[in-house]
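Two complexes come next, and they have one chain in common, chain A, joined by chain B in the first and chain C in the second.
Right, the complex of A and B next:
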């Protein structure tokens, strides 16, 4: 029982980070109806940005993720303006190809610049742990959990309360009427793409201390992000956050009972089940 | 192929084919033959993908699943003592059965959901192959040789040519038959196609079955030629992307597109191999972006568009197409 609860706690700790990744993807999908196949690659870029800050400026990754996130925001905006905006009225077929292409370019550019070496950041925090009764957790994971939760709550507040957030929701509800109400479609789409990218980058920065860094590190996260977004209902930001938690839990429990290598298979099985039986997601409304 | 006219196009195709098949008699260098083998094989794979991705307009990024089942199936059936060629065809049948399952589930979904589902299926197979003992896990399997001996690469090359010819004929049939028109109708507007009485789900599944059979044979050939398979080389999503971009670059939904795409892309990546080394996929990424932005119909599609005399549509009619907006 203790092991089960411990696994649940671990799952939630990871799940909060997943939620951040999933919300980024959901934001982009909700506002643009574009499935961003480059999401994992953006996460990888965020990790490398944080790593570079750590390596050259000795900046702790738990501080470095912020400038990395800002850099990714700008980067995402530029990518939107240069590559996504021209194809925003095209078919899904072309949009998926485009984001796949962007992902390939980023991954292989990273490979060209940083080579395929595995890298790691060694910080003290990763070796400390926090105890609460019979349960224990890595201090670094608890810290990244707290930061992730702050961002999840902050993002929700931004989307619900702020004027930009309202414009964003208006577009995701009806992209044809919203511009008639004086909303600048291109600006809002650019901001949401940039924000989605920044969230992936921030999650990458927060994941950095726990993972080995290499150019292909993001690939699994693209698919994982889809699973979360599909679980929560495509385009629903709260749903994606929920999907992230579910995924974190299911991975942690699979690791406990079946072994770590099956975690990803269970992810996909979950994904295919939801897609086949309730494509609108567990929370999602039915869409045409 | 009913109503297939033997015109000048047929003779040109025959001459090109004969020249193509005679290549090994001009080239004796094994490395060059190996490159030629890959070009031809990927042309065949592109043609097979074209049935689903080109004519039916369904962006599958999970074709590596069939490719991998073909390779693994050959190895596993041969291990049971079944003759290698029969094993290869059995493996292709297994892949077709897989396609039936994948198709029935994934084709209920549209657009990005469909693409995601195909990726998920392929990834499940990759992870299963990595974790199961029967597939040799991450260490992989040694492949039985479909051909052995001195004429190794020449034989494999000719087998790839044969596969490409079969795939080409299937495509050529699809572009002229009722079935092919159904597929194109689905690509242009699925709801309308269904409304005029086309069983869209069944048509898409049939296209996928043919495509999977051919792709699996390609996988068996590829695996056997390179003698050794591991999940990360034979079931990686990179192969799915490669097949798709070959077809898109050449022109999806055209007969010659996949061939042109394979020749261009594989020779380019061969030429840049030493420059970029492990980053040779970079060129694929750049090409995808360029194709999507500037020539959504691909090279062959764009040229056909330029040279074909067409009846002008009325000014207010807006042709809509999955492949970018021009073909009608």
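Right, the complex of A and C next:
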């Protein structure tokens, strides 16, 4: 029982970061209907940005993720305006090609600049652990969990309360009528894309101390992010966060009971099950 | 038009002849992992090669010409290593090839090199399947996975003969083949395997794996790991409070120069056992001098990966000189018959392509690797059991 609960706790610690990644993609893909295959690459860029701040300015990654997130917001906005906006009304196929291309260029650029080396950020915190009765957790993971939860809650409040958030939801409900109500479609889409990119970057920064950093680190996360969005239901930001938690839990429990090598297989089995039996996702709304 | 084509051909063929005449050096091909996840080991290779290179060239090189190393970086990826074979042999026409670093990359290049009938000298790949092809072009300087497993078992037998073992291995050729070797050796010794767990080196969350192992409650853990994963495994072993009597390992990450330092696992490395193929304190003439030269140049002490690269290049140079030729077939025959009675890596002589090299067991004590087995080479007593994490 202790082992089960410990695995659940570990799963949620990871799941909260997944939730950030998933919500980022939910904004871009679920809400704005832009199929974004560069999401993992944006996460990787966030990791390198945080890493550079750590390496050159000795900035702790748990502070450095913030400027990295802001940089990614601007970067995401520029990418949207320059590359995505011209094709936003074209087929999803075009978007897949475009975003895959962006992802490849970012990965190769990282390889060019930083080489294929695996890097680790050895911060003091990663060597400390927190104990609560029979349970233990890495202090760095607990901190990144807390920050991730704060961002998840904050983002939800932003989407529900703020004017921009309302506009965003309006577009998600009906992209044709919303502009007639005076909503600037391009601006809101740009902001969503930038926000989604920033979330991927923030998650990357928070993941940095726990992962090895190398140019291809983001690849798995693109697919995982799609799994989360589909699990939670297209168009639902809360759903994607939920999908992230489910994915974290499932990976942790699979590793414990079946072995590490099963984790990804079960991830995608879940994905296929949801697609086959409840394509609208667990939180999703049916759409025409 | 026709004339132009002929002229172009003429220029092309001239261009291909000129370098052969104009070459003031002899190129030897090297494939290793200068970047990527195994870059720390590629760096060790490069440094070991550099020392051998200067030593050989100071003595006049080979066949009256200096040696030049033609490096190809496989980025720690097997497919890149195979590309390196084509670049170095087909384009640069090196007469002999050294490399790669990992078992995975080395296994990948064996067929490509054999097919091109060029000798390959393997410095560090311990997976025994790199020698499976029985190709006459393949030679290995280091001892292999079976030797690691046997040495570890002999050490355990001499130190309380524990009964229950868990194997944790990274899931590529190196880890798999060391896992298989240890599985067979443990069975033979009557040691029960209570857990055999693999992991993917690139995603560093091994806690679930370690939890499973903890549940199985082994006396001994045998790790087959590279450097980054070895570091993380020890940190997470502490987090899940995993306390076997023996942390043993198939060298590699657990034997890397960085491992017991702050750049690696630091204090968490303490008390871990590892197989080792060489240490600066080894009894062979030249070991200390190699260590001193290495430290002078690179400000760190070498682990065995560096001296194996050094030894591989020494073998190549000696073979070329013995063959008195740069023809790959003649070099191959010279390697077959080589008999270097004294190198800093010990005597080198190949039996069916394999250099028979002894394996030592070391333990990290106060941040240093100390030889604890076999008795005739031991310089320190092993600390057994490893103290529980809560008591460190």
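Keep this in mind: the second predicted complex is superposed on the first by the 286 of 288 C-alpha atoms of A that agree within 3 Å, B and C clash if a C-alpha of one lies under 4 Å from a C-alpha of the other, contacts with A are read in each partner's own complex, and residues count from 1 in each chain.
Definition applied: a contact is a pair of C-beta atoms (placed from the backbone, for glycine too) under 8 Å apart; a residue touches a chain by one contact, two chains touch by 3 or more.
This one's a predicted model, so the numbers in the text were calculated from it and none came from an experiment.
Chemist: When the two structures are laid over each other on chain A, do chain B and chain C clash or fit?
Modeler: By the criteria stated at the top, chain C and chain B fit after superposition, with no clash.
Chemist: If we overlay the two complexes on their shared chain A, which of chain B and chain C does A:107 touch? Say first, second, both or neither.
Modeler: In the superposition, A:107 contacts chain B only.
Chemist: For A:116, is the partner it touches chain B (first), chain C (second), both, or none of the two (neither)?
Modeler: It touches chain B and chain C both.
Chemist: A:261 in the overlay: touching chain B, chain C, both, or neither? Say first, second, both or neither.
Modeler: After superposing on A, A:261 lies in contact with both chain B and chain C.
Chemist: More chain A residues touched by chain B or by chain C?
Modeler: Result: the larger residue contact count on chain A belongs to B.
Chemist: Could you give the angle made at the Cα centre of chain A by the lines to the Cα centres of chain B and chain C, to the nearest 10°?
Modeler: It is 70 degrees after superposition, to the nearest 10.
Chemist: Could you say whether A:61 touches chain B, chain C, both of them, or neither, answering first, second, both or neither?
Modeler: After superposing on A, A:61 lies clear of both chain B and chain C.
Chemist: Contact-wise, after the overlay, does A:138 reach chain B, chain C, both or neither (first, second, both, neither)?
Modeler: Only chain C; A:138 stays clear of chain B.
Chemist: Chain B and chain C, closest CA-CA distance after overlay, in Å?
Modeler: Taking the overlay as described at the top, chain B lies 5 Å from chain C at its nearest C-alpha.
Chemist: Share the list of chain A residues that count as touching for chain B in one structure and for chain C in the other.
Modeler: Residues common to the chain A contacts of chain C and of chain B are 116, 261, listed in rising order.
Chemist: Show which residues of chain A lie in contact with chain B when the two form their complex.
Modeler: Within the complex, chain A contacts chain B at residues 35, 83, 86-87, 90-94, 96-98, 100-109, 111-112, 116, 219, 223, 226, 230, 261-262, 264-265, 268-269, 271-272, 275-276, 279.
Chemist: Where on chain B is chain A touching in the complex?
Modeler: 57, 59, 61, 105, 108-109, 111-113, 115-117, 119-121, 123-124, 127-128, 130-131, 237, 241, 244-245, 248, 276, 278-282, 284-289, 291-293, 296, 321-325
Chemist: Would you pull the chain A residues touching chain C in the complex into a rising list?
Modeler: Residue list for chain A touching chain C: 3, 6-7, 10, 14, 115-118, 120, 122, 126-127, 129, 136-138, 210-212, 214, 220, 252, 255-256, 259-261.
Chemist: Which part of chain C faces chain A closely enough to touch in the complex?
Modeler: Residue list for chain C touching chain A: 35-37, 39, 75-77, 171, 197-200, 202-209, 211-212, 215, 228, 231, 235, 238-241, 262-263, 266, 268.
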